[in-house]
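Note that chain A is present in both complexes that follow, paired respectively with chain B and with chain C.
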Partner chain A sequence: MADAKMADSALPGFTHQPLWKRNPSVLVFTGLLAVFTLVITVLSEGLGLGLVSTSFVKILGMTLCLCLAAIAMDLVWGYCGILSLGHFAFFGLGGYLIGMWLMYARTEDIVIASLAGAELPPTAQEIRDAIGTQIFGVVGGSEIPLVWSFAHSLPIQLALVVLVPGLLALVFGWLAFRSRVTGVYLSILTQAMTLALSLYLFQNDSGLRGNNGLSGLQNLPGLDDVPQSVVSVWFFIASAVALGLGYWLAAFLVSGKFGNIIRAIRDDETRIRFLGYDVEGYKLVVFTLTAIIAALAGALYYPQAGIINPAEIAPIASIYLAVWVAIGGRGRLYGAVIGAAVVSLLSSWFTGGQAPSVPLGFYTIDWVDWWQVLLGFGFVAVTLFAPNGLGGLVDRLVRKGDGR
Partner chain B sequence: MSALLEVNGVSVSFDGFRAINDLSFEIGPAELRAIIGPNGAGKTTFMDIITGKTRPDTGSVMFGEPPTNLLKLPESRIAQAGIGRKFQRPTVFEQQTVSDNLMMALKAPRSPLAALTSRRTRSTEERIAALAAEVGLRDSLARRAGELSHGQKQWLEIGMLLAQDPKLLLVDEPAAGMTVSEREHTTDILKRAAETRAVIVVEHDMEFIRRLDCRVTVLHEGSVLAEGSLDHVTADQQVIDVYLGR
Partner chain C sequence: MPRFALVLTAIMLAIAIAPRAMPGPHSALAQTADGTMAVVTEPAAPAPSAPGPLQAVLQANADAIAKPSRTTVDTVIAALLESNAPGAATFLAQWRDRGVVQRKADGLFFYGVETADGFSLTDPDTGKNTGNAAKADVTQLRPNSGVRGVLSSALVQFQLADPDIAVRESALIAIERGAEASQLEPLRASIEAESDAGLKARKTRLERLLTIQFDPSAEARIAAIESFAGDISVDVRAALNPLVATTPKAFAEVPAGTNVARALAPGGDIPLDDAYGLLVTAGLAQAAPTLAEMRAALIANRADGAVAGVPVAALGSQAARMDAYARLAAAGTVPPPVTEDAKRAALATVSIVAVYNEPDANVTAAAEATLASISRSLALNQTLDLALDALSLASIYFLAAIGLAITFGVMRVINMAHGEFIMIGAYTGYVVQQFITDYTLSILVALPLAFFIAALAGVAMERLVIRHLARRPLETLLATFGISIALQQIAKNIFGTQARPLTAPAWLDGAWVVNDVVSISTIRIAIFVLALIFLALLLFILARTRLGLEVRAVTQNPAMASSMGINPDRINMLTFGLGSGIAGIAGVAIGLFAKVTSDLGSGYIVQSFMTVVVGGVGNIWGTLAGASMIGSLQKVIEFFNPSNTLAAQTYMIIFIIIFIQFRPKGIIALKGRAAGD
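Up next, the complex of A and B:
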């Protein structure tokens, strides 16, 4: 009897435990996120007391999307050790793909409304031509390019939000991992990918309006009578739900055997290969899956931002994503969320012109220009004094609370 | 008795240097074999070739029944076919617990999908506990592997090898940095493992090899110089000249 008892206590986790027991942070995180969402909704202009402005609700909703992208980054880099500096390309692609439907469908509504007064009802071809002129006049065209073939259909365009970035990541990852490109070479390759995509989209004949990008995305087709104050809260809640689901999915991925293996790949790729694991296959799964998560985050972000253009997926954007995760603390999901939220909110505060300038007499520190310097120092400080990032500080507090 | 592993006329050179030179080697399904040789004799390269890390220029490596050509398989498939390897420096996953290290090594489907759907059952835990007991780490299951002593890491790695349930075990310098009592324990583990499978041990330490009490293959400049009992090879004049006589 005593032996059996001892055996049990020496077998940590001898039965399969549910996710929230293996990774208690999911419950804490979901709880905090739910309370936060509720509070903001109640205080919002659109659906509540009007204490939080619509533009701030949008900023918060966008921040939640960035947090979701950071979770994807943490999975691929913090857990699997692939320093991808191109994941913002997938984020941007998601935005473009949903933006195409938003822009097309809304332009269609406008065109039909304006042609309604005509004596003869307009033909389908006339409507199409008018849409083409409306959308592509700015780049000197009126033809609707081939890539817009499905822009009229929300379900297809939503499917493409998943399929296009997923397929791009799959092909890119397959080529890179199969050739055993790792470390800094892989990072450079991913930078090249996002740069190439961005340069391509800058061209007027790319079919996506060149440097104008897609705009007016905050207006939902067919919902003209719903004010932005309400739409913003809808998107805010949707972003919170997406972040919550993303967190659960990520926690599921890292808390089981799959998580053990990808961390083993991060720490010693050769060793795990000799245990019989197909390292390239695992990397490909993580790379593709995180690309899809990033794309979905982008598809929720850009309708709140209202505009997307190729500058969004410039190489620096993906580097920021890595900086957020590094500041928040790699290899802990809440670290990624904290890093993305803190840095991106600070960034919009400093660069939004709200931060008071510091007059030094001989020179005035204007934060719009100096914010990046501050961020750089912050990054260095975190690396030196809190190598586990802000999330590591949370770890320490929690440990203290446990009395350990 | 047919051979489990048959290496035939294998050569490999790096930038003109012939690391392995027309090497042939055989081992049966339940046999313990020690490989010795001076530095640069090609011992580690030999293991690299069997495990697929290095591709030879010529020759063949056949393994199992029916024999499959290992030279056509990637590393992970060679491991899945039943070849486990312990590296010279102990390489365990230091950030993870002893239990998790063993769990990853346990024989089970290796695909990402299988890993995602795998659940820790009572029988898995019992297998892990039994393996840990075998290598003397029963009380350290919940510890992080990074906290273990050097000798314990070596055992953990041997435990991970056994967990894979391989047909052939390649062990590179298992006794390096171990105390005398740790060495004795290691010898016992290896001899027990060799009762049911083939074990190849690369080692420098003659005392350790004497204790293993098995056939010895001497490598020199990338090919087999002598083979037989330890007493036989140590009496061989050629072996004395290149290796033992120094």
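Up next, the complex of A and C:
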């Protein structure tokens, strides 16, 4: 958070007023997040009292990552008006890229351990072959594909988590924005991109294990001694920190001149262009930056989920992301967080079978079956009757928005 | 049982008349006449009555028949053929089916049908029942499976000339499935007397095919091969491909007369190790130990924690292992390793060539030439088939997307629930079939009903949701998405997750087959026709009716249309109903060839969007162009990568994203003021 403060003064158009004074919601949010993180950590199985189960800590940590992705979505859609149906693809891509290292490094550990008892010490090639068979045997291969070239190195793979989705967003955004694809056209195009990516990953010869995806990601290489209950808390805290940083970054971006321009682009793109601003450039920056944030969120999410497969990237996931933001309230960062948290937690509660069934006499509503219907119609209702979402309710209570 | 046997024998007799009518090849007739004479003049065997001509031949070969083996059965068959005795075919069939018995008392052969206490005997010549025999008095002949196989193929030639066309046809089919060299002559012999023109053509064609494979004369084979130029049938390719099959071989010097297809470059056409393996097989080089063998040798030669002086712990790299192995080889413990360079050097001194399995160079040349002409013809036909497939896919996309295009054109909203209207149509078809079991009738009822129900759902959605989100296209997109997931789940709750069948009527089964390459299923033709009908219908509505005029006006400029007295709300509602209704129709059509599931529509929704975006908004011709382009594109990509339809879709979408760069407004862009927004 100190980083954000230092960065403040370096940027042009800054009004020399601290961020938290211009946007007090940042302080409220950070405070709430810190308290929440502390409470859960203290109550967790791994580090504290054991009142909160490890699996629930994981769910909470994953939810925080989804909230971060929702902030990215809110930036690009709520503030800049680009309804991207591709940000969950970036999210998944981040997961894949970190998953490759997790899977490779752990398999390497296992292979080396199993070859230790061999009659001859294994050569590098033998280890590589064994890893290849171990990972790709399931799709009928044993060669390690080219895309796994850097999978052995955590720093490179971490860099790729930023670079690959960032470059993809940059190229795609450049192509789309320069030909002035806007509105629903752009949404459809991003959806097509998402579909193309997920279909590509579904192939067995994509080099990423087809529809098996990557698995066993919850096991950190070299840390077999640390129990999952502790690892889950680490990831939970990391997710909370990432969410806090992401919130600060987003709040900083939307509070200055940059924020004013992207909001203006949302409201009337043509007018901003006539005023001499490089609309495409601003859009491209927002699109690419949010793609990277989403990818980082994904890179934190999937080690907690433990498994990633192409179905996660399917277009519907990206639409859900938009749905969360819409339910939470677009154009407010806390709205995105509230939407993602409420809907995804409710969703896992309803589909987990814990929600009580509703007997109607002639028919019993089992929420596992009817949750989607409720969500769908609930979403329509929010769009129709509460265009500002749940965040709009907060606004009414506080009577002070974040500049909207 | 005996009565059954009699009937059977009578049928057999009827069949057995055939060989007599068959004109024997060449000089066989004269010989046959002589043979018959000889048989008749021969003194009769001690029997109640004089033996018939067949029995006489049988008696002449009695030992070979009683104890048949693969070597002797041919002489029996030849003798039977030569005698041209009536009933020879029946005898062969009976013999094969273990229906022949030999009477121990006089050695005569009969057809015997097993009864409770023995056999009911039938004379092979007269076909008359000659009474019963106890089991102990006769021996049943049990030829082994090898002999039975020979008998079966011998029977084919009798069947080929059978008066019953069904028998001839089944014999022909038997040869087509698995031909043998021995069948060529009988087949040739049977062509001339063939009365049925269609069967004659098939026989002639099959004769040419067999000639390619079995004729001893190279000229005849070449003539037959050349006669098939441009013929794309699978059987021709199956007959020709073995002729041009090659085997890689290594020679120090290629012997004269070797039918060489081409030289192979080691490391290029053939992997280095494989080429070296050929060298070893040909005895031209020493076998090279493989990596695995070297590893095993190292393990076997460990002593005191070291191999040939190299400590085992140091053997963790390939270089160290090679070093240790070289030391072992130097000590003479293991065969020496062969390095890559040594392999290359050894290969440089010899020729690696692909040798035709067929020794005759003229035959292979003719086969290559014919195959080349076939592949040209094949490419043409494959293109045609691809075009048909693309047309069919395009018509499906057109049906799925046209409703979307109309609503998008008029209202500028993307209806994410469009796919679910397709699903509603498909389920309507399924439900109708539960009540109306006649498939033709049920489809005729389902089509308008699906239109009506989907249109109703569309109108309801327009009135309840979309109207209230006017001028907020992104919100509309998301709201309709909410409806989409709700509808999908409701369908899942009602119909379950398993696929429901929507059965096509029998007259839609089958396919229109032009040749072995070009064919298209009847359902797809029907869908194509359906798409054409709706294209015509929509063109008529838009161009010739009041509604169409108003729709076009609202599409071009809603505000102006409104000020000219057109009620845009009414137009929106009707358009939405029309678009959704066509989606319902598309659902019935899609359900006919795909299983009906709750996510049936979502599989088509992205393609439909693509069709609209690529084609251009608010124009039927644009949608048609978009559907054609996407359909053909997908089929073409699938053709180049047939094993992977997923990759095809990926590449197609990437292509579309790039296409949008050059024509952001689609193939057919809307002109006028409306084009601006």
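The rule we apply is simple: the second predicted complex is superposed on the first by the 383 of 404 C-alpha atoms of A that agree within 3 Å, B and C clash if a C-alpha of one lies under 4 Å from a C-alpha of the other, contacts with A are read in each partner's own complex, and residues count from 1 in each chain.
Here, contacts are C-beta pairs under 8 Å (C-beta built on N, C-alpha and C of every residue); 3 or more make two chains touch, one makes a residue touch a chain.
Because the structure is a prediction, the values reported are computed rather than measured.
Legend: residue contacts after superposition of the two complexes on their common chain; A:Ala264 is shown touching chain B, with no touch to chain C.
Touched residues of chain A were counted for both chain B and chain C, and C has more of them.
Of the two partner chains placed by the overlay, neither chain B nor chain C lies in contact with A:Leu27.
In the superposition on chain A, contact is made by A:Leu253 with chain B only, not with chain C. Residue contacts after overlaying the shared chain place A:Gly276 against chain B, while chain C stays out of touching range. When the shared chain is aligned, chain C comes close enough to touch A:Glu119, but chain B does not. Chain A uses no single residue to touch chain B in one structure and chain C in the other. Those residues of chain C that touch chain A in the complex are listed here as 295, 298-299, 302, 312-318, 321, 412-414, 416, 465, 468-469, 473-475, 477-479, 481-490, 492-493, 602, 606, 609-610, 613, 644, 646-647, 649-650, 653-654, 656-658, 660-662, 664. Partner chain B is touched in their complex by these residues of chain A: 7, 10-16, 253, 256-258, 260-261, 263-264, 267-268, 270-279, 281-282, 285.
Listing the residues of chain B that touch chain A in their complex gives 51, 53, 74-77, 79-80, 84-85, 87, 91-97, 99-100, 103-105, 110-112, 115-116, 118-122, 125-126, 129, 138-139, 141-142, 160, 164.
On the side of chain A, the complex with chain C involves touching residues 77, 83, 119-125, 172, 175-176, 178-181, 183-185, 187-189, 191-193, 195-197, 199-200, 202-203, 205, 315-316, 319, 322-323, 326, 369-373, 375-380, 383-384, 387.
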